[in-house]
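Structures follow.
Shared between the two complexes below is chain A, which has chain B as its partner in the first and chain C in the second.
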Partner chain A sequence: MKKYLRIYWPFAANQIKSNFVYKGRFYLFILRKFLGMFIYYYLWMAIYASASSGELGGFSRSEMILYVFMSYTISDMVMVGISSEIGYDVTDGSVAMSLTKPIDYRTRLVFKSLGVMIYRAVVPTLFIWIGLEIYKVCKLGMPVTNPMTMTATLLSVLFSFFIYIFFDYCFGMLAFVTTYIFGMNIIKNATLNFLTGRLIPISFFPTALQKIFSFLPFTAMTYVPVMIYLGKYSGMQVLEQLGKQALWVVVLYLFGSFLWKKIERRIVILGG
Partner chain B sequence: MRKLSRYFSLYRIFVMQYIKTTMQSKVDFFIGLGGFLISQAAGLAFLYLVFEQIPSMQEWSLEQMLFIYGFAQLPRGIDHLLTDNLWMVGWQMVIKGTFDKYILRPMNIFFQIVCERVQFDALGEILVGLVLVGRAVANGTVQVTPVKLLFFIVSMAAGAIIYTAVKLILASIAFWLKDSSAIMTTAYEVADFAKYPIEIYAKPIQIILMTILPFAFVAYIPSTYFLIDANFWKTIGAECAVAAVIWIIAYKIFQKGISVYESAGN
Partner chain C sequence: MSENLIELNNVCKEFVTAKHYPGFKGAVKGLFSKETVTKTAVDDISFAIQEGEMVGYIGSNGAGKSTTIKMMSGILTPTSGSCVVNGLEPYRERKKNARNIGVVFGQRTQLWWDLPLGETYTVLKEIYEVSKNDFEERMAFFNDVLNLQEFMHSTVRTLSLGQRMRADLAAALLHNPKVLYLDEPTIGLDVVVKDRIRQAIREINQNYNTTVILTTHDLNDIEELCQRIIIIDAGKKIYDATLDQLKCDYGDSCSVLFEWKQNLDSNQEDMLQTLGGQLVLHKQEKGIQVCFSKKECSVAEVIAKIMGIAEVKDVQIKETELTDIVKRIYQGSEGKTV
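After this line comes the complex of A and B, so read on.
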């Protein structure tokens, strides 16, 4: 385990460092994320102002404010894509190089993303969460989040990270089929925005669709941690959801390995 | 006049050339188209799900919101279709020095950049926009008269010019900073505000949308002319004025940028 970390940790550390270097780019990135969040914040405020009852889809106005900011920050932190990197590696052939090195390709990518996630967790997310917590207590008059809920939320976020990355690894395998990963990513992001509950809480969907979604890994990427944070699950339900997330991590990991084995046999690299 | 026809025939040649390269991979075309269609579908589904819960949003009905949404897609799609190559200027042409080639040819530089690429992905946006506007016409949300049809076309063109001008200004920043792609993506995020009535936003955001990044004029403001017969001069008229002013500013900045451009050394 120690040896394992010694080999792969530098990939994560490097990402953290290089993220610190490009400061200007980083501030713009944050600004962009804030803009996106505020569009939905104002949209929801207008929606609640026009609603006859104080509750929509099982969310009060205050809960919806928390939902918007939490789902945005969590998905931005957790969704560190690796499929576009796989795309580049496949199109320019450098994936062949990683076959010759005694380093596992996927593990390396996971650690690189881990670096990005740690960076994002510390720099914007933590501050937004603290701000949100203060806002929640002072402005919305809700109680302080208890430590148990907080721990469960963080654990759930960590699971989300692994679910997303193993999913994105499987998705990246499409690079062996088409070279237009940019277009594929647009399709993926649009679909995920919807299915993970980032755009609108899953409870707004018709019940039949909600049933189907519960059999897919996507709600486990954003919706579940936010719902845990909001205290929408009882103690038993929290454990059940966490167990489900863990299961998805394993399933997607195994599926990724299976795909890679299949594809490895048919890789043809141009040039020499 | 002769110059104009020369540019038209040049444009045709460039576009044919570009189409040939994209034809190598028809799958990519459908992926790109599908991507933008699905993004649009997600935005629409959001509106539908929300309006399941509420009858209207600050006086706007679902049908009217759909019209505004569709109306917003059209100028954006037109701009996306025709001038997508400007992204490349902000992203890598200046930093890599490939911008050199434009300066060497005896043609308008802006024209050269624009005609090098036609982004067919944008047909997804245009298609959604047309369907939503057509739907609004069919169910009587907006009335069609010859005058309105004419102003609709004018408004589309002016809206597309505003988009292009903003993009040109931001891409030109690369002449000073070498890479302005991050600034461009941020501005595009702001453009998303335009899909909904601007009254829902806080005052500072409204002011930004009407001045620095005038995206309020590409969709919401002109669409009120068609929806509730708002004053022509305050809607379409204002849109055209904004388009003219921002285009002149953008082109000046672009020319200034070229004059300070220095190629990447080797």
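After this line comes the complex of A and C, so read on.
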């Protein structure tokens, strides 16, 4: 395990370092995130202002404020795309360089994303969460999040990260078949915005759809940790949701391994 | 005789691609057609390479050189045939094989684009589990031969092509691999950098008995580095022998250029005509070019004969260059396949 970390950790560490290399990108990135969040925030506030009841889809106005910021930050942290990276690797043929190293292609990608995730967890997520907690207590008059809930949320976020990344890895395998994945990636992201609950909480969907969603891994990517944070699940339900997430991690991991085995044999290196 | 380190037996590689049609209409048609084209990139190639050999693997563009290298490094799986490197089948045991090999693809880099060069080496040190002592010793060696320290702390994206290539070579050699694959390592480099790279390859081969397989279009690389040469064309092996053998087989023609001290009189002209035979004469403005085969007479004989006829001011001997030989082989094989 220690050896494993020593080999793969540099991939995460270098990703964190790379993020500081381009100064302009660093600031613009933060700016873009705040812009996105606040557009989303004002949109929901407008909806609540014009709604007749104070509760929509089981969310009070205060809860919705928390939902907006939490779902935005969590999905931003968790959804570190590797399929686009696989896509680039395939299109310009640089996957060849990765394959000549005695390392596992997926593990390498996972650690790279882990680096990005850690980076985003600090810049700016951590600060937003602290700000949100202060706002929650002082302005919304809600109690401080208890440590148990926070721990469960963080654990759930970690599961979400692995679910998303293993899912995206399977998706990225398409790049080896089609040699081009950019367009499909856009469709995927748009679909995921709905299915993960990032755009609209899942509880706003019709019950039948919610039933179907519960059999898919997508709600486990963003919706579940946010709901745990908001205290929408009882103690048992939290455990059930975490168990379900863990199961998805395993299933998607195995499916990814299976796909790689199939595809490794028919890899084509583009560009000479 | 030592064991073969690399063995390829009847290796074939086919690529299947979707068929594309010309023009805009064709592009649309291509969206709906399911037709595919099978292209054979490597066609029934067999060879064996022993430990410590330096082999030049050459062929015209698109002959299948890179594809072969990629199969030997475990990236591609052969369609048929077997390929064994150091007792492993590279594509079955890719990660294990990767520890034995070092790869430089001239048009790609394995360096960390956004970070200072040194970072790449620390990462590679961990990946290949190179001990601290070995690491320091090898880095010192690379600094020495490849002059890396002047840009060790620059980010990789700011390096010039020559610097990057040197750095890439060091990266491929850091774990002291048994086999080194170089796919056009000197592409687009200036004379000085080329020289440094050749020097490094030579020293590595001498010090560690590293087996080197080199593809290139610069035949000087081959001449300076390799003892053996394998030529492929259109996926087929067309020649495989030592460099000396190649020169013996094809490099027998020789030409000597004489410049006269003063113009010849008619008597001397007549005497020249009588030489004939194995010698082919081309008259030039102030002298004569004599072409002959070294198998039939020696340079000394030719010079003696000509000097016996007239006074000579200057003599130039031109042996066939490797480039000409290879050109002849390429063209010869085209003639055969057409």
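The rule is simple: the second predicted complex is superposed on the first by the 266 of 272 C-alpha atoms of A that agree within 3 Å, B and C clash if a C-alpha of one lies under 4 Å from a C-alpha of the other, contacts with A are read in each partner's own complex, and residues count from 1 in each chain.
In this text, a contact is a pair of C-beta atoms (placed from the backbone, for glycine too) under 8 Å apart; a residue touches a chain by one contact, two chains touch by 3 or more.
What you see is a predicted model; the values in this text were computed from it and never measured.
Visitor: Just chain B (first), just chain C (second), both, or neither: which does A:51 touch?
Guide: In the superposition, A:51 contacts chain B only.
Visitor: Looking at A:235, would you say it contacts chain B, chain C, both, or neither? Reply first, second, both or neither.
Guide: A:235: touches no partner chain.
Visitor: Counting only touches as set out at the top, which of chain B and chain C does A:18 meet: first, second, both, neither?
Guide: The second partner, chain C, only.
Visitor: Between chain B (first) and chain C (second), which, if any, makes contact with A:141: first, second, both or neither?
Guide: Touch partners of A:141: none, neither chain B nor chain C.
Visitor: Quick check for you: in the superposed arrangement, does A:265 touch first (chain B), second (chain C), both or neither?
Guide: So A:265 only meets chain C here.
Visitor: For A:103, using the defined touch cut-off, is the partner it touches chain B, chain C, both, or neither? Pick first, second, both or neither.
Guide: After superposition on chain A, A:103 lies in contact with chain C alone.
Visitor: Check the contacts made with chain A and report whether chain B or chain C touches more of its residues.
Guide: B
Visitor: Once chain A of both complexes is superposed, is A:94 in touch with chain B (first), chain C (second), both, or neither?
Guide: The answer is second: A:94 touches chain C but not chain B.
Visitor: Tell me the contact category for A:6 with respect to chain B and chain C: first, second, both or neither.
Guide: The answer is second: A:6 touches chain C but not chain B.
Visitor: Which parts of chain A are touched by chain B and by chain C alike?
Guide: none
Visitor: Hey, which residues of chain A end up touching chain C in the complex?
Guide: 3, 6-7, 9-11, 14, 17-18, 21-22, 93-94, 96-97, 99-104, 264-269, 271-272
Visitor: Quick one: which bits of chain A touch chain B in the complex? Just the residue numbers, please.
Guide: 24-25, 28-29, 31-32, 35-36, 38-39, 42-43, 45-47, 49-52, 56-57, 178-180, 183-187, 189-191, 193-194, 199-200, 204-205
Visitor: Help me check something: in the complex, which residues belonging to chain B touch chain A?
Guide: Interface residues on chain B, with respect to chain A: 25, 27-28, 31-32, 34-36, 38-39, 41-42, 45-46, 49-50, 52-58, 121, 182-183, 185-186, 189-190, 192-193, 196-197, 200-202, 205.
Visitor: Okay, in this complex, where on chain C does chain A touch?
Guide: 15, 66, 70, 73-77, 91, 94-96, 98-99, 101, 103, 105, 107-110, 112, 114-115, 119, 122-123, 126-129, 155
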